[in-house]
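Order as written gives the chain letters A, B and C; numbering starts at 1 within each chain.
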Amino acid sequence: MILKDLAERLGCACEGDGAVEVRRMAGIEHAGPGDLSFVANRKYLARLASTRASAVIVGKGVPTSLPRLISDNPYLTYAQATALLHPAEPPGPGVHETASVDASARLGEGVHVGAYAVIGARARVGARSVIHPHVVLYPEVEIGADCVIHSSVQIRERCVLGDRVVVQNGAVIGGDGFGFAKDEAGRYIKIPQVGRVVIEDDVEIGALTALDRAAMAETRVGRGTKIDNLVQVGHSVTIGSDTVIAGQVGIAGSAQIGSRVTLAGQVGVVGHLKIGDGAIVTAQSGVPGDLEPGEVVSGSPAFANREWLKSTAVFAKLPELQRRVRELEKKLAALESAKDAEPSAAPRR
Amino acid sequence: MILKDLAERLGCACEGDGAVEVRRMAGIEHAGPGDLSFVANRKYLARLASTRASAVIVGKGVPTSLPRLISDNPYLTYAQATALLHPAEPPGPGVHETASVDASARLGEGVHVGAYAVIGARARVGARSVIHPHVVLYPEVEIGADCVIHSSVQIRERCVLGDRVVVQNGAVIGGDGFGFAKDEAGRYIKIPQVGRVVIEDDVEIGALTALDRAAMAETRVGRGTKIDNLVQVGHSVTIGSDTVIAGQVGIAGSAQIGSRVTLAGQVGVVGHLKIGDGAIVTAQSGVPGDLEPGEVVSGSPAFANREWLKSTAVFAKLPELQRRVRELEKKLAALESAKDAEPSAAPRR
Amino acid sequence: MILKDLAERLGCACEGDGAVEVRRMAGIEHAGPGDLSFVANRKYLARLASTRASAVIVGKGVPTSLPRLISDNPYLTYAQATALLHPAEPPGPGVHETASVDASARLGEGVHVGAYAVIGARARVGARSVIHPHVVLYPEVEIGADCVIHSSVQIRERCVLGDRVVVQNGAVIGGDGFGFAKDEAGRYIKIPQVGRVVIEDDVEIGALTALDRAAMAETRVGRGTKIDNLVQVGHSVTIGSDTVIAGQVGIAGSAQIGSRVTLAGQVGVVGHLKIGDGAIVTAQSGVPGDLEPGEVVSGSPAFANREWLKSTAVFAKLPELQRRVRELEKKLAALESAKDAEPSAAPRR
């Protein structure tokens, strides 16, 4: 695409030679002729000098003579430019001859169903949604319009997905929640999980992620939330909108996660608590109780990130701190002996 | 179902209006007319006053005028009531026309095999077991009676499941253990994993959980044990009976986990150790060595939970502790100088 | 197999009765007549006295009269002997009648494709590779020779595997990296992930492990590296050769992991950092920044393992350390009061 045409489609200013042709996005270090690249983080600005990209996306006032698109948000413009230079090539509409679609299931217009997919009784798939090979929709699953369900995703009975939901390969939506009651003999008796999972519009779910159905009502993921791979979402959890959950996070049952929350990689969240909007939990932390909106916490158990940073700094020097205490004990004992040995007009301690 | 009929089937006393009809289980806060609910935890008793449930399950002596079932174990009664009000509707017996069942495989009476399931050579499936779509049983797998194997579960050669085993979607039973020997060039040479996995009766295995086959003998999960989602059970691990393993736990090879053990979410267990019966490991902990029966441990490395709670409390105040030590050092140095400046009959230190 | 014949094939010395027949490998404690066992770790030498194995693999100079193979590396010899005594029985060449192989795909000689496998447009599978049932290769996937891809592995478009790659069941190669840009309204806009995954020769990938495709270039796993189950490898990560990554490790995007690195179970690695060759990260640690070659680190955040061991020892005694500080404060205050009460020729403090 000609750079200035791309600029027009993106609503960006174009500076330098707008006639260059760009065919692909590439990273600033790897880019070559015909590539468009970007710098979103100031610490990479130095690489503009040596890049072989034909053009770049940069913020205002960045010094370069390369053909460039100017953006207030270069990272977002990079996302949008990528979608234009690398248009998705979804499989066309149609149902593969090997797909097993129940007679009572309803497929919207333009739906694609791949090889060996199984669409269960009374399931519904919205217009233009793409169901890749080997997906299994149990009975009464509802999927909205313009969804992309990658291969081997398993969606259990009565679960509901909104519009424009993207699910990566192998995810499981609606498995039984981990519910058991102990009987008098100490054995665990299964509690039937009769709820469901509801995924709102524009949610993305990562590969091999598990979202358990609720015990009775619903496990819900709010609009626009993005969940990474190998995440565990327990039964009856609710998650707000535009929240980000990174890889291998585990959220125990009935936790309420707010909107615009960030849970970093491998975080653990205890059940039956409430994490307020905009809270941030740093990687590998364990959240044992409620968090206020906007709180930033770290550690296991997690507490204020600022304090945790200081505590971990001292943790690394604990042997030295212990030595200092021992030294103080020795010196103080010496002072006490010297004192006891003194003749003195002061009363004895 | 009429409340007093339900009471009879559950073996519970019924108080208040036993003629009310209940159709569904619901949580105490969400329940409406026609719903049965329950209170098992004293901290939720207050919600009885405002619930719109038609009837509730409560313990003895709970003050309420609602139609109610009285139980010594309301949580267990809730489990049993749910099974009655929401009877499972398993697919009926029969083999889907698209299932690929090896001629040498043997299916018990009343077995259901779903679309595109693959049953390998000499595999055996016990009476009334349900195999959902896309399950793959490699050769010589044995599955007992009354099992439920959800879609896309993969069971490798020669693995054995007992009766009434429930496996959630996408789990992998019998993948190769992580066994490699280093050669003289520093390369890792694969150790063929020729053992198998044995799952005893009444075990439940979560979605996307992996149980590796043993290097030579067996990886075994004892009767009644419940394993959550995304759990890793390494090769040659043995787990006792009625043990609970929460989501994303990792157990390294050859560990021996006892009976009635509780491993909370995201716990890690080092290999070749022994965890005694009834031990409890709290969330995110790392177990580096043997645990005695009944031990309760926390932390990474884990130690006595009571002590860990105290240590984490001090951890949060480490910067202050460091400051207090520095202050002591200053004050003690001042005392030492003052002492050195004193004329004194006492011998010099 | 007759022991001395096995010895010959393995290039080992044979001592004691070389005429015994061994049929299977077994662990030293479980072995019975007809079994071959091994002792690689000195702490198990005592079990030679009571083993019922017909023969054993041991190091030089180990005192036993059992028929034995002598090896400089008993563990490696055990691996090699297992391969001989338990030869793999791969399914023979051929394409299952139910496999869906695109007309434009190319299968090498001797390839096996199992039931319901889907081989996409222009995909290529190298000679003698085994594709088990339910594997899905999206368009333009390339798989080398002598690979084993277990059931239900999902490989996304344009990903490349080398020769002799083994992938355990349910793994996902090439899912979208977790890439989103925030727009002015605080919503996350998807960044199309247009890169791919490249897996070099002799790599092994565990069950239910996810390796994300790169945002623009490649996510690459180097020759001979072994990755365990339920591991998350983020987009644009590069991993060197002969590296070992244990279960449930998470590596965030753009991290560069060197060669001959060891990442133990449940380790987390932050993105955009570099771990030098031969570094070792112990279980459950969190790596927040670059590691030098050969560094051994522990903790979260991780630091030198030797120092971390000392710090965790003091951590377990923090309540006592706090008490000692409090005691020092009391005693020092007493000394200060005593001093203040003293008449003295020394100047007042």
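Some observations on this one:
Just so it is clear, a contact is a pair of C-beta atoms (placed from the backbone, for glycine too) under 8 Å apart; a residue touches a chain by one contact, two chains touch by 3 or more.
Bear in mind that the values here come from a model prediction, so they are computed numbers and not experimental data.
The rotation relating chain A to chain C, fitted on Cα atoms, comes to 120°, given as a multiple of 5.
Looking at which positions face the partner, chain A and chain B present mostly different ones, since fewer than half of the interface numbers are shared.
Chain A and chain B have CA centres that are 24 Å apart.
With touch defined as above, residues shared between interfaces to two or more other chains in chain A number as follows: 98, 116, 134, 152, 170, 208, 230, 248, 266, 300, 315, 317-318, 321, 325, 328, 332, 335.
Those residues of chain C that touch chain A in the complex are listed here as 98, 100, 116, 118, 134, 136, 138, 152, 154, 156, 170, 172, 175-176, 178-184, 186-192, 194, 208, 210, 212, 215-217, 230, 232, 234, 248, 250, 252, 266, 268, 270, 286, 299-301, 303, 307, 310-311, 313-315, 317-318, 321, 324-325, 328, 331-332, 334-335, 338, 341-343.
Within the complex, the chain B residues that touch chain A are 24-27, 30, 73, 75-76, 78-80, 82-83, 86, 88, 96, 98, 114-116, 132-134, 150-152, 166, 168-170, 202, 204, 206-208, 224, 226, 228-230, 242, 244, 246-248, 260, 265-266, 283-284, 300, 312, 315-319, 321-322, 325, 328-329, 332, 335-336, 339, 344-347, 349.
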